[in-house]
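This structure is in structure tokens; I'll ask about it shortly.
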Amino acid sequence: MAVDLTPSPDVAELARRTAEFVREVVIPVEEANDGVARSEEIRAALQSGAKDAGVFAPHVGTEYGGHGLDMRGRAAVFEEAGYSLLGPLALNIAAPDEGNMHMLEAIATGEQKERYLRPLATGDIRSCFAMTEPAPGAGSDPGALTTRATRVPGGWRIDGRKWFITGADGAGFAICMARTSGEPGETGGATMFLVDADNPGMTSVRHIDTLDESLYGGHIELVFDNCVVPDEAVLGEVDEGFRYAQVRLGPARMTHCMRWLGIARRAQDIAVARAAERELFGSRLGELGMVQQLIADSEIDIAACRGLILQACWELDQGRSASQSTSIAKTFCAEAIWRVVDRAVQICGSLGISGDLLLGRFLREVRPFRIYDGPSETHRWAIARRVLRRHDAKAAR
Amino acid sequence: MAVDLTPSPDVAELARRTAEFVREVVIPVEEANDGVARSEEIRAALQSGAKDAGVFAPHVGTEYGGHGLDMRGRAAVFEEAGYSLLGPLALNIAAPDEGNMHMLEAIATGEQKERYLRPLATGDIRSCFAMTEPAPGAGSDPGALTTRATRVPGGWRIDGRKWFITGADGAGFAICMARTSGEPGETGGATMFLVDADNPGMTSVRHIDTLDESLYGGHIELVFDNCVVPDEAVLGEVDEGFRYAQVRLGPARMTHCMRWLGIARRAQDIAVARAAERELFGSRLGELGMVQQLIADSEIDIAACRGLILQACWELDQGRSASQSTSIAKTFCAEAIWRVVDRAVQICGSLGISGDLLLGRFLREVRPFRIYDGPSETHRWAIARRVLRRHDAKAAR
Amino acid sequence: MAVDLTPSPDVAELARRTAEFVREVVIPVEEANDGVARSEEIRAALQSGAKDAGVFAPHVGTEYGGHGLDMRGRAAVFEEAGYSLLGPLALNIAAPDEGNMHMLEAIATGEQKERYLRPLATGDIRSCFAMTEPAPGAGSDPGALTTRATRVPGGWRIDGRKWFITGADGAGFAICMARTSGEPGETGGATMFLVDADNPGMTSVRHIDTLDESLYGGHIELVFDNCVVPDEAVLGEVDEGFRYAQVRLGPARMTHCMRWLGIARRAQDIAVARAAERELFGSRLGELGMVQQLIADSEIDIAACRGLILQACWELDQGRSASQSTSIAKTFCAEAIWRVVDRAVQICGSLGISGDLLLGRFLREVRPFRIYDGPSETHRWAIARRVLRRHDAKAAR
Amino acid sequence: MAVDLTPSPDVAELARRTAEFVREVVIPVEEANDGVARSEEIRAALQSGAKDAGVFAPHVGTEYGGHGLDMRGRAAVFEEAGYSLLGPLALNIAAPDEGNMHMLEAIATGEQKERYLRPLATGDIRSCFAMTEPAPGAGSDPGALTTRATRVPGGWRIDGRKWFITGADGAGFAICMARTSGEPGETGGATMFLVDADNPGMTSVRHIDTLDESLYGGHIELVFDNCVVPDEAVLGEVDEGFRYAQVRLGPARMTHCMRWLGIARRAQDIAVARAAERELFGSRLGELGMVQQLIADSEIDIAACRGLILQACWELDQGRSASQSTSIAKTFCAEAIWRVVDRAVQICGSLGISGDLLLGRFLREVRPFRIYDGPSETHRWAIARRVLRRHDAKAAR
């Protein structure tokens, strides 16, 4: 038994079919809509197409209609889905639904699964994950959490403000992180709550206008004001919210990387096509050394992303926390994917910044990934601290 | 007599007043409009404000109501104007009008100056510069020019297609570059023509949707089809168009750098303010080493841009072609300004990619500068070739 | 069956023992000798130690006293050996012997194996690979080969000049690449010859003084002048030398990466130890954000190297040419390893450039790796060309 | 009066003669000695040559036999001297003598000037500046100074340890920084002392082996043990040592930049010559795009260095502290010069890392400049802090 990088035949086949579906069904819709699905009709049509193609919900257990892929399997399939901005929506593996399903499957009670996971898995409803708060609340530092949940008879009352809550517009429910004990700045004491969209205590205050626009359901500012939920709304155990967030976080980081790696590959393919076809100064663009350097650097970046994602996914599949390897992969991928798209824009020149190609759109969509799911700086800090602790532990022996 | 970096008192005072005008008058308008002037009313109001503040048209000769600044003077004043996306429009020094005025002042006949330069200098009309063509025409390689002007009795007939013609929507006239002799691929044989907007042979085909949106009058695709102009429409001498383009190009490159350097400084100021005020992990954001590195690197980039711009401007003011120093400055500035804005986004985190700040807008606006006025790759190629020729000349001695 | 990154227990155990041997036996010798083995005594002592520790010659088949590791197994073990500059010499896996053994095992006749491979595998003799020539001969472009072998009765006569022939001083034999047909600039027509050290036609002209010094046996300039060898000296088939060079090249590139990755890890460990222990401005060096960034970036680089090496090794073990993945891995690793060592120097400050640590030595040793085994630029050119060919093939369908 | 970049005719002429002297006299000596002057004979011959050429001691006042150049003048001349590793030694403007002369001229008493400055200015003696201490003493943080000077009748007794004291071997005297009040960690309380080489209380403990080797007189570890000096040994005022260090520091940083910029230009010229002459894949190396990119990037770096040096020098000549602009210039130059030399190595390939060219030597010599005179990280920290203080001051208004 040695290291083996051959994907299982099932995964390979599902990835192949996903690639085909994206190419034939999704990309035409994407190109016709500037990369943004702006209506429920588009979402429904894409998801219906994915079901027909047998590629829908690859990550969810078969009992919920999915393919039950582990993280390594997702790495192969999500990258293919991510080849179009609308691929993940079509397969029902877009953020934040995908991460929420992952967490619900791991933590929710049977009843919660029936009520929330099942319709989510089929695409009948969508969801959001309400964690981030405006400064000085929970942002790069989750421990700064200020939203409070206080005990009321038969349940809890949630009060606080959340923002950049992706997908909240139109979501059937929110998973809200609130402090049930301790004070902002302390690392424990958070609890996750399932809040139905029709709860009068949860209000969408505004769409936050952002550089990126393709994540379905927008980035929303939510206010929880006297938002009362029953005991059954607690997801997992009280005061264990930060631990569950970690359960969600590592895999969610990786699936972001997988999807955006798909866009990086797409950008590279667009640029390579341009380099192959455009003539300049008497030769093909792709025969000019500086263009070759851009192409090669992107090829290297893409390969390195894939290696780092695989390493982290394999650790996650072993049941390890993989906090170091997911931090490493997330930091590198977010920056490498950005570089790849930026190089593609440069290769395509004025066309690259025009709407005639989708590269400008891609550039806008991938930039925030260097910030969400932990800014690169926060991850670097965490990576270095783990290295130093490893050293200290060794030195203490 | 030694090297002296003290700006003249007049220039220093004009720069100071420009900075004040931008801060007090322009930025409020910019922030209320997401950085984009979308109506003639806004343009008129801004330009009227600049006239009241005595900062209008600093680059044009006093006989046309301007301040007659040389390139070094422009470096100081344009940077201050560029501190807001709308500052250059307000001062009437936005591209492409500013470069067109520069060229008309240098080349046009007295009559042409009265008819085109005077109303342009006052802001009564706008203009565009129709050079770039879709592949395989004039782009990174101007010599590939395919638009033709053929002799007709009493004038010329122009036929061809141009795109990415900035400011063409609403412009009073276009300066159109067309081939009057030779074949595409040859470096001579171009002529510049002044074409009035109401010439039925010149048609705007479409607005090209681009990543950037703040340059007034859009990026337009123009078709010249049986576009007849009289002999008086020739700007300068027949067949000398490429030489004049060089007259325009060097200075126009530099004024782009100056204006965008203003935006870089603005982005840095926004980020520094955020770093000074935001608390994270128990300290000011600006006390964290990685944030300090971002701030310092941007400070270095800004200082280096200024030094390179100054060098090139000084050469231009000596009447030198300054082709090497403007290539160097353009390449470095376009990339450095981009880095500065990108770092500012990163420092501000999720706020940085939201519409609550203008940084995402700045990022979109400065990206194309690495492509227009010569892509970085083309400039690097030209820089290296000049270095090699310099070596060959030395070696031959 | 899915992707599996668990190393086999045998490999894991050999890697563990190698690490222990390097730490306990090799590093003391390395530190006492400034990283350079300057005598046969040192080499003999180290190799004898490796034999005692049961870690000698891990790459060679068991019939020659080795462990028969495939490329994936080498990746794990060579990295541990490379943790010291003298580890590879100790294990008998240093360049160029290691690559020569690999090739002899694959190509040589039984008789040649007994005569050359067996004593090489035991460390009784050393060898060199005489391919590179001074300009305008075979360098970045192997096809420029000018050394000639001409038919003489019963054998061949070799004439030409080679340089940068690593390990030639004291080698028992050379594998010399010479042109048996065709002209310089043509890609075929090369043959490999086994030339004994005592052949009077092969002379060492000089030691080339280089930035790096740790590769045993130096970088030598060799002259072949009327060097007559018998027919049995031909390695493999006549005129097939370039094809065999490819057999050697891919794996040799990867084993270079593995060994130097070990040094990168070592440099990182030295820097982390320093960052953990040194106090500055009232805190541990490792608590300063910019130092954390350096540490994290190196951690990321090391992880990415490992992923890329593994991918290429797996392909090689499948019997694939792996030319793209070895080019990608080589280019990235050579540059990343350099960055890691450079960052370690920076973290350690003045100590980092002093002989009190070995980091300055490491910096000198790894720099040439961005040049030998194909300069980064040549690999990028090859990578981009393969991408473009892939596109062309697809587009032609 | 406007910004003017024309050097004064005197400076231009001295720079021209310096360039000529370096080319004709210094470089042959440098190339014959691997860039390192290893004997007093070499030093004497070079300095005698510089006197004959009328280019000796350009920075010292005419009353001491120099040319009395201000900082802007030095920028032009020192860069030419720095074009060879031995140029600064020849002109008597090498570190640390040059900085010491600068400080003595500014601070010393008339008597001290006669005794120390005059023979230093003529090259009859050399000197060193004993400030840096092993951890946890004065290094990146000068305030950590631990060497003590205590009052004794008629003078002071100095005790402490210094290291990396450049030029100490053979120096006629040392300027030693010692704490006369306060505790390590406090920013005041240091005094500078002139200590004669024959003082029995000052002992050279060892030559520190370093990556760089060309600075004459080595990097020495010095022990001050019961080192008694008279009151006249105090340079300037007691307890004002840190302030004087600043007087020395800003200009010394800049002269380092100037000299090393000369080496960067030299490296670029060597690489360009190679690129112009070497044929590869059927064209000149310099016609390959990736090589052109390396050349262009170095050209840009060199130009940017020059602009930043000039800005800082101009500020210094105005009598300003220029702490921000010298930090900016030092940080950028140290890194840019390193990049330029590294690119030159890469362009020259295997020749670049061989002793046949001096590029490997240059690489070794310039690496430490990113560490001494303040590591890049310390400067970045200082730069950012000044920016934040500027913001705070504005915000407080």
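In this document, chain identifiers A, B, C and D correspond to the written order of the chains, with residue numbering beginning at 1 in each.
In the analysis below, contacts are C-beta pairs under 8 Å (C-beta built on N, C-alpha and C of every residue); 3 or more make two chains touch, one makes a residue touch a chain.
Chain identities (UniProt): A, B, C, D = Acyl-CoA dehydrogenase.
Keep in mind the model is a prediction, meaning the values are calculated, not measured.
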Which chain has its C-alpha centroid at the greatest distance from the C-alpha centroid of subunit A (Acyl-CoA dehydrogenase)? D
In terms of residue-numbered contact pairs, which of B-C, A-D or A-C coincides with B-D for over half of them? A-C
Mind checking the centre-to-centre distance between subunit A (Acyl-CoA dehydrogenase) and subunit D (Acyl-CoA dehydrogenase)? Centres are C-alpha means, answer in whole Å. 51
Euclidean distance of C-alpha centroids - subunit A (Acyl-CoA dehydrogenase) vs subunit B (Acyl-CoA dehydrogenase), Å: 39
Specify, in ascending order, the residues of subunit D (Acyl-CoA dehydrogenase) that touch 2 or more different other chains. 288-293, 377, 380-381
In the complex of these two chains, what residues of subunit C (Acyl-CoA dehydrogenase) are touching subunit A (Acyl-CoA dehydrogenase)? 1-9, 11, 70, 72-73, 269, 272-273, 275-276, 284, 286, 289, 291-293, 295-297, 299-300, 303-304, 306-308, 310-311, 314, 324-325, 328, 331-332, 377, 379-381, 383-385, 387-388, 391-392, 395
Subunit D (Acyl-CoA dehydrogenase) residues touching subunit C (Acyl-CoA dehydrogenase) - in the complex, by the definition given at the top: 132, 135-136, 139-141, 163-164, 185, 208-212, 219, 278-282, 288, 290-291, 345-346, 349-350, 352-356, 360, 363-364, 367-368, 370-372, 375-377, 380-381
Which stretch or stretches of subunit B (Acyl-CoA dehydrogenase) touch subunit C (Acyl-CoA dehydrogenase) in the complex? 288-293
